[in-house]
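Shared between the two complexes below is chain A, which pairs with chain B and chain C, respectively.
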Partner chain A sequence: MSSPSQAIVSESDKTARVPLVLLLVSAFGWLIVSTVLSLIGTIQLHTPTFLASCVAFTHGRVDAMQESAFIYGWAGNAAFAVSLWLLSVLGGTPLRGLGLLTTGAAFWNLGVTAGVVSIAAGEATSIPFLQMPGYIQPLLFVAAGAITTPAVLAWTGRSSDSTYASQWYAVAAIFLFPWLFSAAQVMLLAAPVHGITHAIVANWFGQNVITLWLLPVAVAAAYYLVPKLTGRAAAHYEFAKLGFWSLIVFGAWTGGRHLIGGPAPVWVSTVAVVALYLLLFHYLVVAINLPAGLFAWNGSATLRFVAFGLTAYLVNGLADVITSTHAVSQLLHFTYFSVAQSKLLLGGAFSFLIFAAVYEMGPRISGAKWPAPGLIGTHFVVAASGTLVTVLGLAFAGWSQGHAQAETANNFAAVAAAAKPGLLIATAGEAILLGAAIIAFFHLVRLQLESFSTASSSRETPAPSAP
Partner chain B sequence: MKNGPIFFLSLLAALTFSWVGLALASHRQLDSLVPYYDPAEAKAFPEPMPGIAARGQLVYQDLGCASCHTQQVRRADMGNDIDRKWGTRQSWARDYIYQNRVQLGLVRVGPDLANVGARLKSATEVYQLLYKGTATMPAFAFLFSDSPLGAQTGAIAVGQSEGHQVVPTRRAMELAAYLLSLNSPHAYGPEAAHNAVKPAEAPKSAEEPKK
Partner chain C sequence: MSANHSDPSEPRRLTDQEIIQVHDHAGEETVDDGGSYKLLPLVMLAALSSLIFFGGTYIGLYAGHFAPTVHDERGTASAVVITKVDPAVIGKKKYELLCTTCHGPAGMGTPGLFPPLAKSEWVVATDEKLIRILLNGLAGPVTVDGKEFGAAAGAVAMPAIGPGGAGWNDSDIAAVATYIRQAFGNTAPEISTEKVTEIRTKVGTRGAWSSAELQALK
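Up next, the complex of A and B:
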């Protein structure tokens, strides 16, 4: 059983240090940016006059900037770094094409920066999950190609034919994202379809960015970390393959659930709801395979991140099914409850599993121990409380908003007043999450500084590295 | 999963299957929608958006109005949208055929705007809303500018102070034109027939022959 404070470095871990650290430091930097924007956006929901005189910070633009900074800045960078590292370690081969990877990572972050600034300047596309303007997208696509090439090389050049569940999920994420991204760019921006078809394609893309790109990386991390940190193999591993394919096949159809009751053909949302039910099999398999991680609340701080992430993942899967039912959808559709679900999935499930992976890989790619191991536990407590307060606050706001909207006599001032207490709680949660993001960023930077000083001293006195 | 090429092809097939099923199938179904010609009114509906309104939609997009407002009236069994007078019927796909980038929205911080043009009386009312804001919506003061009192701006003043009047900018006028154009009350024949409440099944009479 390994501890995150240990620095166990093998050749395959440390060769890609520069590009992986570049991706991780950028990711954690973007996490701070997106959390600041999320805090501003949440304040504006209960105090609409906040920063209202500044056109760059109108709520719509803040929302679009926050989404882009979170998805392409934090989640994208982190997903690339974790999946590349997993494929290298599990394939038993150092990453190749590092120059390409470093260049791709630099241009990816340049593209995201330009995209977020463009949104502030009024260039947003207003397409969810594809808010950055069309002229930025080709740069991101090429950069993603450069970043994913070493992953494909790591998969094809692996030392053994046998593969693990972590590799399936990581490869699926890396391989499917460029296809998904290019299809969306053509159908939504370059040669756009029009009318309601545009909304259907946008929902297909937005849902699959989460289901086929980001979540598979988080699940890959869980399948790698749980056996490694607990010393217990995944239970009933023979089901893992079915769990994987059920996510890929059924998950791809769930985008239409946001179109329930609207102008899209009814079959679109019906298919999505059926797919959500079928997806329960995937969550069941994950729960059966990884109970050691799911109930690891007394383990190391890294394991607690895994436990929180897996719990959030499974709870969100159930919540998706419940909120797609007719009675619940009628009440909660178009409310803050859907925002709470999104926070639970991306801020809870995805982010916590990625945090755990980073706490494992950080020392291994840097060749140094975490400078303050106690800070990992602090980060967990702050991040977990921030996520819970935000999600519960938004869920409460959504619940109150839904009930207030259901009374036709209530005007929107009354609806807003009903939602305000929940939004105030969520604002406190966002402020706590900002603290968590700052802690994680500075710990990662300190690790890098520590590793530089270790490297300088080891040049004077060479030390043996662990296998 | 030892066979790499088959694994990759299976992944691609899964994604392509959903793309064909959702994106292409809906495109095939909805691309054939054309304006509905109503012989009674001798006009086709919906009507194309005027040029200034189309430019207003770009203002709506760049300000991100869709993050607070939806543009879709749900059917009667899915909520009280119709009771709230947001439309006389649910929104249908045909309502959006002239829109290149529909603004359906995901959260209702403010009211639905699918038919807001029917609720707003004039551009002046829109300017007042945008300039002053409401309890739940901020003022968009940057969409207005000061001009000397009495200057011929060609725009309706929304307020005045010492020697100055506040007038809408071109972007405000375009946005107002867009909002006023949002109105789809017409019940297209095919959709109205398809969504009509079916008459209750007639009770079987005693004389009905037994099968």
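Up next, the complex of A and C:
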């Protein structure tokens, strides 16, 4: 009997190797950049003099650069790669339009590089999740169009009429991102709306970039990897469709939660809070569908990434509901606690599910095995501990900060002092995460080098993997 | 070292086509056979319905009926009235902006030049005269609380702050009049915006009043 790991390395996986590897290597490179910036930014929170004399690395710019490098560099590249690959393998069709894809991927990364550099030069827009200056944004939009066209082709050209949940989530992400991105570019940068509407649109965009673009890709990866790796079908899969539509329909309304206690009409935040409650149904469906066999700790390291990511995803859903209630929101809103939540969601849920997807797709698009499988387990331990330390440190900082702020007698210095212990813990966590990012990048690059040597040697002898 | 995929303890992996096939017919075996409901669909239905019920109630209570002016989650629809600000508060601000220059922060004025507002019969005795002075100003000497003011200067002492002068609107004039009637130890009733409007319409455009003209009013 041939080993399953050999059987799955099929030709159709390898055709899109160049653009997918380009996206993945860029993604992991940006992850290192964003983690370094995140480390600098966290140090500055408790030691404000750090790099304060270097204007490009003052806290405001570091924060904006970190966000752009993480969202558009790491998350964007990785989400594109994973959704393209999922649509290709589940559609049973090789990716088409590869020249367009490669060009788009190259220009996307040029655009993000130019954007991050211009933020360092002081050109940030100050709009959350849209920090890169307005003259870069159209380039990113066109590049995103070029990257997602092959995904649309893979969807429309799929070999079977039946589709699977992963495909729905991936396709939704592919179609919703251009809508969000173009609407935000026009309404916030090109022809900006005025007054409080600007804040409402900015929060709608910022939240939905996560809820409707990045998270669906992560959930698509989870829906693919759990049956794949455990060999079992998703439990009660008949509800998956409801889970999908509840994310798409309710998720789009959650942006106003950042405006709780803000100057917007109260219905904007109330509707967002209700949408967060309704999203519990989505989390319930995911929780019923996926955990079958997930917590078997003797399973593969890849499965551990899925387990951690899904747990973080579900915990975050509950935390969203709890922190949006009035009493809790008064205490924790506008503190480091919301930073901790976003770390848990993006660094925990999204990143871990994407890591798992990359560990699955890496060998299949490269035609070689991971050169050091033990490193996957190491990456998991380092990344998981780094994420937990960072999230708990920030949550602790936010908790202390919220209580210190609630005392009217406290001045700014007293509030900052209260948050400091938690921020020191978070700094340690960021340093661990930097180690994790370097391990992942190093391993991915070694896989590519390995596969080139395999490819050159297999010209003389038939590839042992071909069944 | 071989990839851990080939470890025999690993569960069998599904192929991509198998993933689609095993899920394609999911749910079909849950057809209602024998008239017995499966428990889980009912639980899911109950979960979704209760979330929607809860959400609807929450919106009904805390969305301020979608009014653009409601900014407080706890502001229920009936409480959504524009709160009337105490005119004396606005009046104090207005007073400190302009009047305090001559009449002083405590309303004591300057002996011989600017009359006091505290215990002034012009302020507390009659609203007719006070509103006219505020609207159009007061020129020439005036006797307040038994003392002479403005005789030496001979010029306009009190400028008009109504539409012909500083340009305040009726509600601001009513507010500042209310303030000076209730501050500095004065305890006269407040003056309404409507009263100011009424007198302004009756008087029309004119220059400053003299003390004698005002005394001639009933």
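Here is the rule we use: the second predicted complex is superposed on the first by the 450 of 467 C-alpha atoms of A that agree within 3 Å, B and C clash if a C-alpha of one lies under 4 Å from a C-alpha of the other, contacts with A are read in each partner's own complex, and residues count from 1 in each chain.
Definition applied: contacts are C-beta pairs under 8 Å (C-beta built on N, C-alpha and C of every residue); 3 or more make two chains touch, one makes a residue touch a chain.
In this text, all values refer to a predicted model and were calculated from it rather than measured experimentally.
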Touched partner set for A:Trp370, first chain B, second chain C, both or neither: second
Which superposed partner A:Phe28 touches (first chain B, second chain C, both, neither): neither
Partner chain(s) touched by A:Ser300 [first = chain B, second = chain C, both, neither]: second
Partner chain in contact with A:Trp253 - chain B first, chain C second, else both or neither: first
First, second, both or neither for A:Ala234, with chain B first and chain C second: second
Touching partner for A:Thr408 - first (chain B), second (chain C), both, neither: first
Which of chain B and chain C A:Val271 touches, first, second, both or neither: both
Contact breadth on chain A, by residue count: chain C or chain B: B
Partner chain(s) touched by A:Trp155 [first = chain B, second = chain C, both, neither]: first
First, second, both or neither for A:Phe281, with chain B first and chain C second: second
Touching both chain C and chain B, counted on chain A across the two superposed complexes: 162-163, 260, 263-265, 271, 326
Residues on chain A engaged by chain C in the complex (per definition of touch): 3-5, 7-8, 89-90, 92, 160, 162-165, 224, 227-234, 236-240, 242, 260, 263-267, 269-271, 273-275, 277-278, 280-281, 284-285, 288, 293, 298-301, 326, 363, 369-370, 372-374
Parts of chain A lying in touch with chain B, wherever the complex brings them together: 44-45, 48-49, 52-53, 55, 58-64, 122-128, 155-156, 161-163, 168, 171-172, 175-176, 179-180, 183, 187, 192-201, 204, 208, 212, 241, 245, 248-249, 252-253, 255-256, 258-265, 268, 271, 326, 329-330, 333-336, 338-339, 405-406, 408, 412-413, 415-416
Complex contact set, residues of chain C against chain A: 1-6, 9-17, 19-24, 26-27, 30, 40, 44, 47-48, 51-52, 54-55, 58-59, 62-75
In the complex with chain A, residue positions of chain B that touch it: 1-2, 4, 7-8, 10-12, 14-15, 17-19, 21-23, 26-27, 29-31, 33, 60-68, 70, 72, 74-75, 77-80, 83-84, 90-93, 95-111, 133-142
